[in-house]
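A, B, C and D label the chains in the order they appear, each numbered from 1.
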Amino acid sequence: MAEIHLKNVSRRWHNFTAVDDLTLQIPDREFLVLLGPSGCGKSTTMRMIAGLEDVSSGEIWMGGKLMNHLEPKDRDVSMVFQSYGLYPNMTVYENIRFPLKIRGIPASEHKQRVMKAAEMVELTPFLDRRPAALSGGQRQRVALARAIVREPNCFLMDEPLSNLDAKLRVSTRAQIANLHHALKTTTIYVTHDQVEAMTLADRVVVMKGGIAQQVGKPMEIYDRPANTFVASFIGSPAMNLIDGDIADGTFSNPYLTVSGLPHAARGPVTLGFRAEDVSVVSEGGNLSAPVYSVENLGDSTMFAIKGAHDDLISLKADKTARMAIGETVHAHVPAAACHVFDRESGLRIDGFDNQAVA
Amino acid sequence: MPHRTFLFFILPSAVAMFLFIALPIGSVILQSLHVEHGQVLVEVESCTPFGGCKTQTRVDAEATAALRAEAPLGRWNGLGTYMNRAHLATAELGEIFRSDTTLREKFAQVYQLRFYRALFFTLIYTFVVTPAGIIVGFWIALAVNRLPQMLKGPVIFVSLLPMIITPLIGSLVLYWMLNSRGILGKALQWLSGNPDLSIAASGPLMWVSLILYGIWIAAPFSFVVFYAGLQTVPDDTLESAMIDGANRWERVRYVVIPHLMPLATFVSLVQVMDNFRVLEPIVGFNAEAHAMSLSSIIYTDLQAENGQLFGSAAATSMLTIGFVVILLSPVLVRTWREFGKRAH
Amino acid sequence: MAISMTKLATRFATGVVFAASAMPALADCGIEAGSVRILSNDFDALRLINERATECATDSVSVTFNQTQEHKSLQVPALSIDPAEYTVAVIANNSLPPLLNDGLVRPLDDLVEKYGQNLTEQQLIRIDGKVMAIAFMVNGQHLFYRKDLLEEAGLEVPTTYEELLEAAAVLEELGKTDYPYAASVQAGWELAEEFVNMYSATGADFFAPGSAEVAINNENGVAALEMMKALTEYQSPDYMSVGSSEASKMFRSGEVAMTVIWASQAGPVLDPEGDNPEIAAVAGLAAAPSFQGNGIPAATLFWDGFAISKNISDEDAEASFQAMMHATAPEFAEENSYIAAWLIKGYEPTPGAVGIMADVAQGARGYPTLPFMDLLHSALGSELADFMQGNESAEQALADIEAAYSAAATERGFLN
Amino acid sequence: MTTLHTDTAQSKPRQRIPLISVVAVVFVAIWLVTAGFPFLWTAWGSFKVEADFFSRIDWTFALSGENTTRQTGGPFTLGGYQGAWIDQAFWKATLNTAIVTVFVTTLSLILGTLGGYALARSGRRYAFWLLMVALVFRAMPHITLVSGYLMPFFEWNIWGTLPTTIIVLVAINQPFTLWMLHSFFLSIPKDLDESAMVDGCTRLQAFRLVIVPVMWPGIITTGLFSFLLAYNDFAVGAMLLSQENQTMIPKITSFMGSIEQEGNIMFAVSAVVSATVPLFLLVMFFQRQIVGGLTAGAVKG
């Protein structure tokens, strides 16, 4: 049983800090996703859990044992690598069996366990092939099978889907979700793709610059982003962020005025709202600007307009909406859908929460 | 990788290098900074089969040994050995440059000094053979790459021969052929119409022969590396260059050569070091009269026939290493940058 | 594979002796016990002596040897340790000084008294009154000439280099050979040796008496160099790469009419069954020509001999001396008189030894057994090449040699 | 592969194709003669007597074998081989060389792969400095090193034996081996050893079971260079081996004679030819691996 506990963990090289004072409690059976842009420290965090990277300070506990100085092999975790890390000189069968062999599991069990793992990832027909003779998706499934065959305390997955094409990514994602459901093993999953995070995670840790920005269930993070970074990273398209001033519950800037906000703050702020919470109207509304681009997505139409700093603001409209570039679009941004962030620190300003949930 | 694991993996190799390279180099440096004790000379009567008995000068072994026991390294000489006539010859250089002579005469006088004569040849050899070997190797690689598949095997095989031959023996084989009675020597005489033509008699011809030998032995290494590299030239880039209108030469110039640049760095690194240590052809070609290299003067100093001069050989060795480091410094800096990138 | 190797080994092991302790004793050398370990140069005459020494091996006496061209590099470190790696160092007059300098060989007077009844006074190398080495053979340079050609040109055998120059001019005119003359002046050791020969013939000393100051930068040195340069007129243009072996081959193939080379080449030159029997039949040997009219042959005599290590037990020293006495016994010299010019009692000079014996008779000087001679030799070897190619004057060359020698001698502690 | 000539057929005017091919073929032919002829000539000459192969009268004797016929009764003779192999016991030197090369190659590779792996996987500064120091070590002339060994080796009583020489050669060879293998290891993805370690291997197991099996091309290429170094060594063997342990190259130079005595040059020639045969076979068998190994990344600079 593996409850994982990171206590004030840091990783530093010379003058560079990859992970800064990270504390995380991961209960048994949880699917935890570390999400963030490249270089945010998410992979380093995972590699420290795996034992591939030294911990500069802090402690890593797993199942009640201090892990800091244990070799990877003594941590009872299994890991799926971005480039799969398959052994090119071994067949698929041997690849999957390798962890069993190396950990001294009785040979009599090997066949049955390998077959079971292979079956779970639908690899049975390819067992005697070499990795070089497999497609990318198949290789990824070999890596998965190799990870699950041993029934470890914890799965670590380092961007396992990023080398696959879009279609395969969706199906493999489903397979991973299904596997976790079946095996119920604690899983830590690293990705920079917020869709993967939203679809797979029990909880998400959004990281930036080695610091955990927000930890929470996917919907919590979606609905109540802790700061402008999280807000801009989660959701597709990302949340619109507009600078302006707030006074007496009214946000205003040259092309948008939102009133009816709580009186929780005043002064310069950043206002956030999602494209889907906006309603495009033919006249009136509190937002109007010339259309910069139009995207027909099939189920809807997205209009983009340019903000004060040349940043794009997305508006989602009905799929029947039609406008030409340069025409003026009018929209209504409801106060209830707005998030307010401190302009300086980017931190969410409390007091706007209750209304935000749509 | 944790320090402990690193140590475990590197230890056998590091211990071997420490014991058999670093320690000797350390002692070599120490040696080069000392000269031997003043030998205690005595006059004794000695008798030999010829000329009967005479008074001759001898070393008083016991007295000298007593001196040596006191300070086993000898007398501290600092950089004296480095500066003396057999090495950097600072005093002689100063005199030459102060003297009222033409530049040409000055050069001739500097060239009389053993170290500079060796350095001059070594540098010329290194700077002709290294690029020439690389260029010849590159052209062979391009040409072999165009051959039909079935011919490639045997051609590569023959091409590697000069590289795998023992250098001393390779130089002997070529010298046998090149000397005035050998098949190539005769061919040269016939070609030049001069029946007395002999490479052993002419300094410039000897230099040319040594350099050609150097290219002969260096080209296969560049060839095999470049040939391997050619197999990895990306088709896409070549094809896009074709569509962009590049002719064959332009494709080589703008696609193939840039692709092979890292290999060329590796090859030149290895070859500069090897060429800078040139010794075997000078011995094999009996070329001492016309050419000396830094290695060959070290070799001469260490020959017991010549009363081994360990300190002098040590000083020349350190100067050699110094020059190699200077020559390689651009590559070292580049490696350092790459290493920095890889560090995290 | 393994079988064939063993077969080969048994078939041919007789030709080579590695560790003779396992072999039956073939001779009674009178040794009770001990270990004999010989270090020597690698050529035929020494090979015979070494193999003869191994005849002394018994159950209690082991005899091993190491013949290598690197013997000079090995001898000092190998004899410096205690006990020494070798008990016997086979040396020559130019390789003894390093051992003497470091005090690595023992006086042999008591052993000579006990076992040296066959030794002649000439064989005893005495330093400061003590016998430090035993010489057993002699080598040196002398003149080889073509009797037929000299006769045809109406010339006497040249006894001086001045005469040799005149003879060369006549022979060149005659045009029967490619070049009239060859000498061993290959850049390096042999070129230096040629200068040492020439300078020896002037009768002057190489060093100022009682010191390590070199004394060749004088009119004798200039004369020696100029004679060497004058001779190159009559040599092949390749002369800077012609050593003793090459000159011998040139003579044997009829390319040259005269040459001054090592006496040890007499064997191959006079061999009636060699590659060139017709030359062997007309080859004549004479002392090396003298120089500047003082009658001393321009050659330096080398003796080969042995010394016994200091850092070994007296028992081993005694065994070693006895084994070497057996190896160089008079009957050995009688049986192998064609191999070399022996200094051993009972040796009758063969036709091949005429030249070297003439050298000795006419008072050729020995190669200087001085502690710093090798340094001068080395300086000569590296600095003379330029002069020989006409790139600098004799005076300049001698000044360069003096400077190069001084730098080396300072490093070695002979000069301050 | 073959990118440089697949393109010619489609894009270039017809008449230029043969010309450039002809130039290439002629160039290769000239090179082949340059590279191969000296060997062919020496091999041919080894079956002649000295008076023919090194004829001072007419070099064509080397072809016609005039003196060979006169002296031995036939245009070819095995005299040189018989002299070298049987009379002078060249077989013994061959055996010693075989022992030295096998051990030097094996040990160099064992030490070199371990060290090269560590250097490639450690991102620390000391690893870089170690590499640099190794490079400087490689620049040291061997003869200077060897002369320094004599005294201590005699003192410890390890002079003259094969193991001593083997260890010295391995050490001298380490800088090059480390550099070459280190670049090979860089070309193998880190993921591979990391997944092995997560799968339960120690570093050493990961190295042995996972990395080494995919390293074969690199190991063979590097091994070839170690082999050549040990096989071609002169300086170390000549100074550090006693007579019974002498290796081939010093033995061959002893055939060449010295100032005191003329050598037997035909023994040397046939020994040279004999010594080249194993190299021929080696290149023949390992040609694919050598080129393949280099392609696989030994040379990523």
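Definition applied: a residue touches a chain if its C-beta (ideal position, glycine included) is under 8 Å from a C-beta of that chain, and two chains touch if they have at least 3 such contacts.
Being a predicted model, the structure only gives us computed values, none of them experimental.
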**Q.** chain B to chain D, fewest steps along touching chains
**A.** 1
Q) Which neighbours does chain B have in common with chain C? A) D
Q | Chain pair whose interface holds the most contacting C-beta pairs | A | B-D
Q: Specify the chain most distant from chain C by Cα centroid.
A: A
Q. In whole angstrom, how far does the Cα centroid of chain A sit from the Cα centroid of chain D?
A. 55
Q) When the C-alpha atoms of chain A and chain C are each averaged to a single point, how far apart are the two points in Å? A) 88
Q) Roughly how far is chain C from chain D, going centre to centre by Cα mean, in whole Å? A) 37
Q) Any idea how many Å lie between the Cα centroids of chain A and chain B? A) 58
Q. Which chain B residues touch at least two other chains?
A. 302, 308, 343-344
Q) In chain C, which residues are in touch with two or more of the other chains? A) 70, 73, 189
**Q.** Junction residues of chain A - those touching two or more other chains
**A.** none
Q: Please name which positions on chain C make contact with chain B in the complex.
A: 70, 72-73, 75-76, 93-95, 97-98, 100-103, 122-129, 135, 138, 186-189, 207, 209-212, 236-241, 301, 303, 343, 360, 363-366, 369-372, 374-375, 377-378, 381-383, 385-386, 388-389, 392, 396, 400, 403-404, 406-408, 410-414, 416
Q. In the complex of these two chains, what residues of chain D are touching chain A?
A. 189, 191-192, 194-203, 205, 209-210, 213-214
Q. Which bits of chain C are touching chain D when the two form their complex?
A. 5, 8, 12, 15-16, 18-19, 41-44, 65-70, 73-74, 77-78, 80-81, 85, 139, 189-190, 243-245, 248-250, 253, 255, 262, 264-265, 268, 275
Q) What residues of chain D sit close enough to touch chain B in their complex? A) 1-5, 7-8, 11-12, 20-21, 24-25, 27-28, 31-32, 34-36, 38-39, 41-42, 54-56, 59, 62, 110-112, 114-115, 117-119, 121-125, 127-128, 130-141, 143-145, 147-149, 167-168, 170-172, 174-175, 178, 183, 203-204, 207, 228, 231-232, 234, 249, 252-253, 268, 272, 275-276, 279-280, 282-284, 287, 290-292, 294-295, 299-301
Q | For the chain B and chain D complex, residues of the former touching the latter | A | 1, 3, 5-6, 8-10, 12-14, 16-17, 19-22, 24-25, 27-28, 136, 139-140, 142-147, 149, 153, 155-162, 164-170, 172-174, 176-177, 181-183, 186, 216, 220, 224-225, 227-233, 235, 238-239, 242, 248, 251-252, 256, 262-263, 265-267, 269, 273, 276-277, 279, 294-295, 298-299, 302, 308, 310, 313-314, 317, 320-321, 324-325, 328, 332, 335-336, 339, 342-344
